[in-house]
Amino acid sequence: MSIDVTQIGKQFGTFTALSDVTLHVPDGQLVALLGPSGSGKTTLLRVIAGLETPDTGRVHLAGQDVTHAGPGERGIGFVFQHYALFKHMTVFENVAFGLKVKRGAARPTAATIREKVMRLLSLVQLDWAAARYPSQLSGGQRQRVALARALAVEPRVLLLDEPFGALDAAVRQELRDWLRQLHNELHVTSVFVTHDQEEALEIADRIVVFNAGRIEQEGTPGDVYHHPASAFTYRFLGRANVWQTDAREQTLVRPHDLHLSPEPAPGAVPAQIVRVHQVGPTARLELSRAGDLPSLEAHLPARDVQAFQVGQQVYVSPTAQQTYSVTSS
Amino acid sequence: LNVSYDPTRELYQDINAAFAKQWQAKTGDTLKINNSHGGSGSQARSVIDGLEADIVTLALAYDIDAIADKGLLPESWQKRLAYNSSPYTSTIVFLVRKGNPKGIKDWSDLVKPGVQVITPNPKTSGGARWNFLAAWGWAQRKLGSEAAAKDYTTRLFKNVPVLDSGARGSTTTFVERGIGDVLIAWENEALLATRELGEGKFQIVVPSVSILAEPPVAWIDKNVTKHKTEKVAKAYLQFLYTPEAQELIAKNYYRPRSQDVAAKYAAQFPKVNLFSIAQFGGWRAAQKKFFADGGVFDQVYSGR
Amino acid sequence: MTTLPSRRQARRHVLPGLPLTLGYATLYLSLIVLIPLAALILKAATLGADGFLDAVTSPRVLAALRVSFFTALAASLINVPIGLTIAWTLTRYRVPGRRLIDALIDLPFALPTAVAGITLTTLLAPNGWLGAPLAEAGIRVAYTPLGIIVALTFIGLPFVVRSLQPVLEDLGPEPEEAARSLGATPTQTFWRVTLPALYPALLSGFTLALARTVGEYGSVVFISGNLPFKTEIAPLLIVGKLEQYDYAGAAAVAVAMLVISVALLLAANTAQARLSRRGER
Amino acid sequence: MVTLTLVLVGLLLLLPLLLVFITALRSGLGPYLQALQLPDTQAAVRLSLLTVLIAVPLNTVFGVSAAWATAKFDFPGRSLLLTLIDLPLAISPVISGLVYVLLFGRQGWLGPWLEANDLKIIFAPAGIILATTFVTFAYVARELIPVMQAQGRDDEEAALTLGASGWQTFMRVTLPNIRWALLYGVIMCNARALGEFGAVSVVSGKIRGLTNTLPLHVEILYNEYQTVAAFAVASLLALFALLTLALKALIEARTGRAHT
Amino acid sequence: MSIDVTQIGKQFGTFTALSDVTLHVPDGQLVALLGPSGSGKTTLLRVIAGLETPDTGRVHLAGQDVTHAGPGERGIGFVFQHYALFKHMTVFENVAFGLKVKRGAARPTAATIREKVMRLLSLVQLDWAAARYPSQLSGGQRQRVALARALAVEPRVLLLDEPFGALDAAVRQELRDWLRQLHNELHVTSVFVTHDQEEALEIADRIVVFNAGRIEQEGTPGDVYHHPASAFTYRFLGRANVWQTDAREQTLVRPHDLHLSPEPAPGAVPAQIVRVHQVGPTARLELSRAGDLPSLEAHLPARDVQAFQVGQQVYVSPTAQQTYSVTSS
């Protein structure tokens, strides 16, 4: 089911959390909302879910206007940032909840519920934990229960608010892979919130970058990463060196887009190597330039770094760069 | 419903039983009499505030007057029954510890330094007002002037270490807590205490002069009309004057009105030189002069 | 960020039930609390401003108010170190019988005040278990302000302990360890680090105890001796005024007490909010 | 420290409790049981139970409503409401009684109307129940509000997105989440309701067998020099108190939570 | 000042938190303790600080035995995982605390304290916040206050327990750079705990890998990364593909050590490309092999990936690999 959000505005008191947000999510896509803390990601998700009423604008699901429908009527599944599992229910009961509260003829029989819940639990590889309480599970396992619970009501749209926010690096990576895989299997239209650019770039079909309540940029991960429309997006998507700056313009370069050579070259500027740190396939070099030009960080493939050492004078040139007018950042 | 004041619990338990029996014999109806006990003033207030008492048997006429002021019974209620509507009397005596270690004989001994006197608070206890007036009356007679009486009572209250809110509280303090050298109390209370609580531990000292305490009784017209209990209520109060009831009264250490019964229990009630409330111009006047806010009692207390 | 309670929505609350629950709560509050209190204030108002002032500034009323607030204040102050000691032991040591002690803390709360009053009087009267040895030492407790303070200490104790316990438990050893690693002695650590962190909880426990004990009646009448100007408490005065059919006067004293306790409560709450605001993470 | 605590607890809490039971059993078990079987005692027990049975549920429903409204929503006047809920806690019990006398007494604002309609509130069980309700007004609410506030709205919102109705959400999600706090609040409210003296003594009229609650009955017996009976009834109340504490300890053990 | 920890053992009840830990930290180094949750990192730090008494073994600071000295006598500065700032004191008072509690002649005058604290605060760039309370600061700022507080008593050794644990990615990076810089300036012997391998690899002079209460491996970042002594260390320091495994041995390969070619090559095995994800300088490819061999993840420089597409058959060979006996992992 497609999601259409049109000119949504939302104020909290005098604070504008969303202003004029318009977004189209095609059926079956996995979309990431990316942005700094407080930029309105959660608020937009809650508006789509019906947990928050927008001040202006409309929400359509599958072409149907649901702006004033309650959260239960929209056919969405919501996975909360801190899981919001029901502590007093077992894993099984948590997942079964959405089915058990259906009314009248819509409510499946106990046997159907049982079967369906167990199927979902095995999908999230937690069938062995059906009788446990959430407090007996690890963070990553809870997250998967939250997902199974949201999926139980067969939502047409899955909304996930920082699904991996509270987890540590290794578990995060594992769940990330797993979510991508699940999405490939089920093809439910999904929107997930994150403030981790790597996560967004890695698993989303499309990325929506938020800044201060507005959509800053929207596109495929490649688009967004390679053609950031503003200095904000550029900086938000990875480490940025300020190559040069003046009153009007600023030129930014990624650390891996810096080319180093021991000899002077056209367009290259002199710099001194302050520190070399090599870890894994990449070496990180800290370079200081003359004058009050900002220092640079360069990333080189490990095999290229042998040629350089601390204190050496080198010549640096960017192989790719982006220039933004200063007011836009 | 009989609304009564603190020290009469035992008496009315007996009376109720006797009266109910008699009433049943006479009319065949079984009667349930409920009792409520508390400080005389608070009981009167309850009645005023809507406690639907049929009968009140209180410590002083002033409290019934207060009820009459609200129109619940006629102003002239005191004329409706014999002896100013008080079927029994009592007086104020002293209770001292065995052997009377402080040598207390009369009112004058109470103001000696080092003597601790227990009496309740006249502001909240009807009995205490009798105590106060008894002391005052003695002082006025003996010492001559009002000023002297005031001085006397001031000194008296300097010797009071605990001022309970009710007569019963004072007795408990004196008897059970062992505080004080002398308790100023109703004669019946003192007798009860010596008999029931500590046979041989206490003894009664009768002062040279004391007041004639006349606890009044009355039916509340408005409530008996409402409950249609007028007849029973009247019968109940009249029953108090019968020899049978007077016996019970005497047994509960109140001085009976009936001469015959009085004679029979003469040993229990030593002769005292008594003066009555009339000396102060009746209860309304006394209340106003002595116990109202800013009255003599307050002056006595702030003079400490 | 959590998007919890501070949410204003112009149109519609997503969670249902606000009109119903708020309506019921307000209605019930009005019926049980507000209307009766209004009646109280209206009654006091029948005295007129002068009459009201006269009623509440008579020496006896002032003295009683002073006794009430002084004893409540003293008892609440005494409860601060006592409560701290008990709460500290309960949270920091594995004492045998800890459970039992912990359960007993609420006793004054659950025990009827009249029973407490009678019991304490029996204990502390010059011929009581505790009163007798104390009397020998020349200390009179029952029927003195001291007696009132003891009764109020009893009544107020749970409030202090219960306010402190969760905070103590929550405190964790880290600030203390940080202080130790910076070279502070255990004494310095207690006075400069641990105790200040407890101020908000101490203050709130103190305030609750104070609010509760200022108006305490049941347990005090038995033990106080009720001497005007000395051990007569304000609630007793209210009862006394009622006995004399002086409703307006009683209401006036009641209003005076009400105003003072509410002011105290508000002041303490404000102070506490300030203390804890600067202390919260 | 530990010793000091033991001494303090012993002196301040344990000793009074012991005294109650020792005095009550001073003349042996027979008189003790006899005292408890007096018709007036039984009537007082009945009245006290009736009071509790009405006051506690009323305050519980109020507590849950008020907690729901104030913890899950923000609305103008919310903090005023929170302050007002605390108000009865800071009011002297005697005043709590007084306000009802002023309102419903024969001299009070509604007195004449009540009398005209033959309704009795003051000096009747209704007045006792009202005064008790007033005194125990805030207990459940105060217990629930912080708990519900700490829990936030996440669970309820999750339930709503799963299609539950408001009532289903409350019954299946909110209520189980707050059940221990609720029970705890109810127990404390119950204990206080059972033991209230000051407020009740002002509105009761103290009619034996009719408007005497247990604490009032203790006072009356005590004033009649029936020390054993008085303490027997007191010990009954103390037993209730101990039962309360035991229940509470049980709840704490169940929830692993230490305190309010 | 050097730190020497010799054969430290520490039990909690029946649980062994540290067993036979021996560690030498030379003067002036910045050492990272790295390891999974519960492996004993914090416990070791607390033993060095004197906050925990070891059951066996000795602690020497600058050659002097301090095993039984109190935490205040060791001249250490401890930065707690959750800062443990004094909430009721301002930033200034927090930093001044250690100086104010000194006794007698050792206590500096108020003016000296003032000057010193302000100097430290400007070092951590927080002089403007001296009068604030900790609650009014952001996580990163609080962390810096905690550091300034620990530095105020001029510790000979600085111990930091997950100093960046509770912070978000951007702030973390910033503080990391900053800590490295501070260490370069002050040269205080420092030990910091982390469970983030990238953090350890990036800023430490030496890394100590913990596993279940023991030191698993110790060395420079390069040593540890390039020559992991066990499968545990290998896996803990980065993503690992299981190249092949049998009952006795297991061969592990890093994703960037996989070489892909369209044509068969000696030693290369056939695989199919399941997914290609390109972001920034690196492309990630998911490869499935025939049979029940585990699937592989390969990382290629972005410019090399054009040659490949999803569904294509490729031949994979490792350019570097490590083999561990199975029991050792």
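For reference, chains read A, B, C, D and E in written order, and residue numbers begin at 1 within each chain.
Keep in mind that, in the parts below, a contact is a pair of C-beta atoms (placed from the backbone, for glycine too) under 8 Å apart; a residue touches a chain by one contact, two chains touch by 3 or more.
Nothing here was measured: the structure is a model prediction, and the numbers come from that model.
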{"item": "Where subunit B and subunit E overlap in contact partners, by chain label", "value": "C"}
{"item": "Centrality ranking, top chain (CA atoms only)", "value": "C"}
{"item": "Maximum inter-chain contact count - chain pair", "value": "C-D"}
{"item": "Length of the line joining the C-alpha centres of subunit D and subunit E, rounded to whole Å", "value": "56"}
{"item": "Where subunit B and subunit C are represented by their mean Cα positions, the distance between them in whole Å", "value": "39"}
{"item": "Centre-of-Cα separation between subunit E and subunit A, whole angstrom", "value": "25"}
{"item": "Interchain centroid distance [CA atoms averaged], subunit C/subunit D, Å", "value": "17"}
{"item": "Multi-chain contact residues (two or more partners), subunit B", "value": "48, 176"}
{"item": "Residues of subunit E touching at least two other chains", "value": "none"}
{"item": "Multi-chain contact sites of subunit C, meaning residues that touch two or more partners", "value": "7-8, 14, 239, 242"}
{"item": "Chain contact topology (line, ring, star, complete or other)", "value": "other"}
{"item": "Chains grouped in pairs wherever the two touch, ordered by label", "value": "A-C, A-D, A-E, B-C, B-D, C-D, C-E"}
{"item": "Residue ranges of subunit E in contact with subunit A within the complex", "value": "37, 168-169, 173, 195-196, 198, 201-202, 221-222, 225, 238-239, 254, 256-257, 277-281, 284, 299, 301"}
{"item": "Contact footprint of subunit E on subunit C as seen in their complex", "value": "174-175, 177-185, 188, 192-193, 196-197, 199, 275, 277-281"}
{"item": "Residues of subunit E touching subunit C in the complex", "value": "49-51, 70-73, 76-78, 80, 82, 84-89, 97-98, 101-102, 133-135, 149-150, 152-153"}
{"item": "Interfacial residue positions of subunit A with respect to subunit C in the complex", "value": "12-13, 37-38, 42, 46, 50-53, 55, 70-71"}
{"item": "Of subunit D, residues touching subunit B in the complex", "value": "101, 104-108, 111, 114-115, 120, 122-123, 205-210, 220, 222-225, 227"}
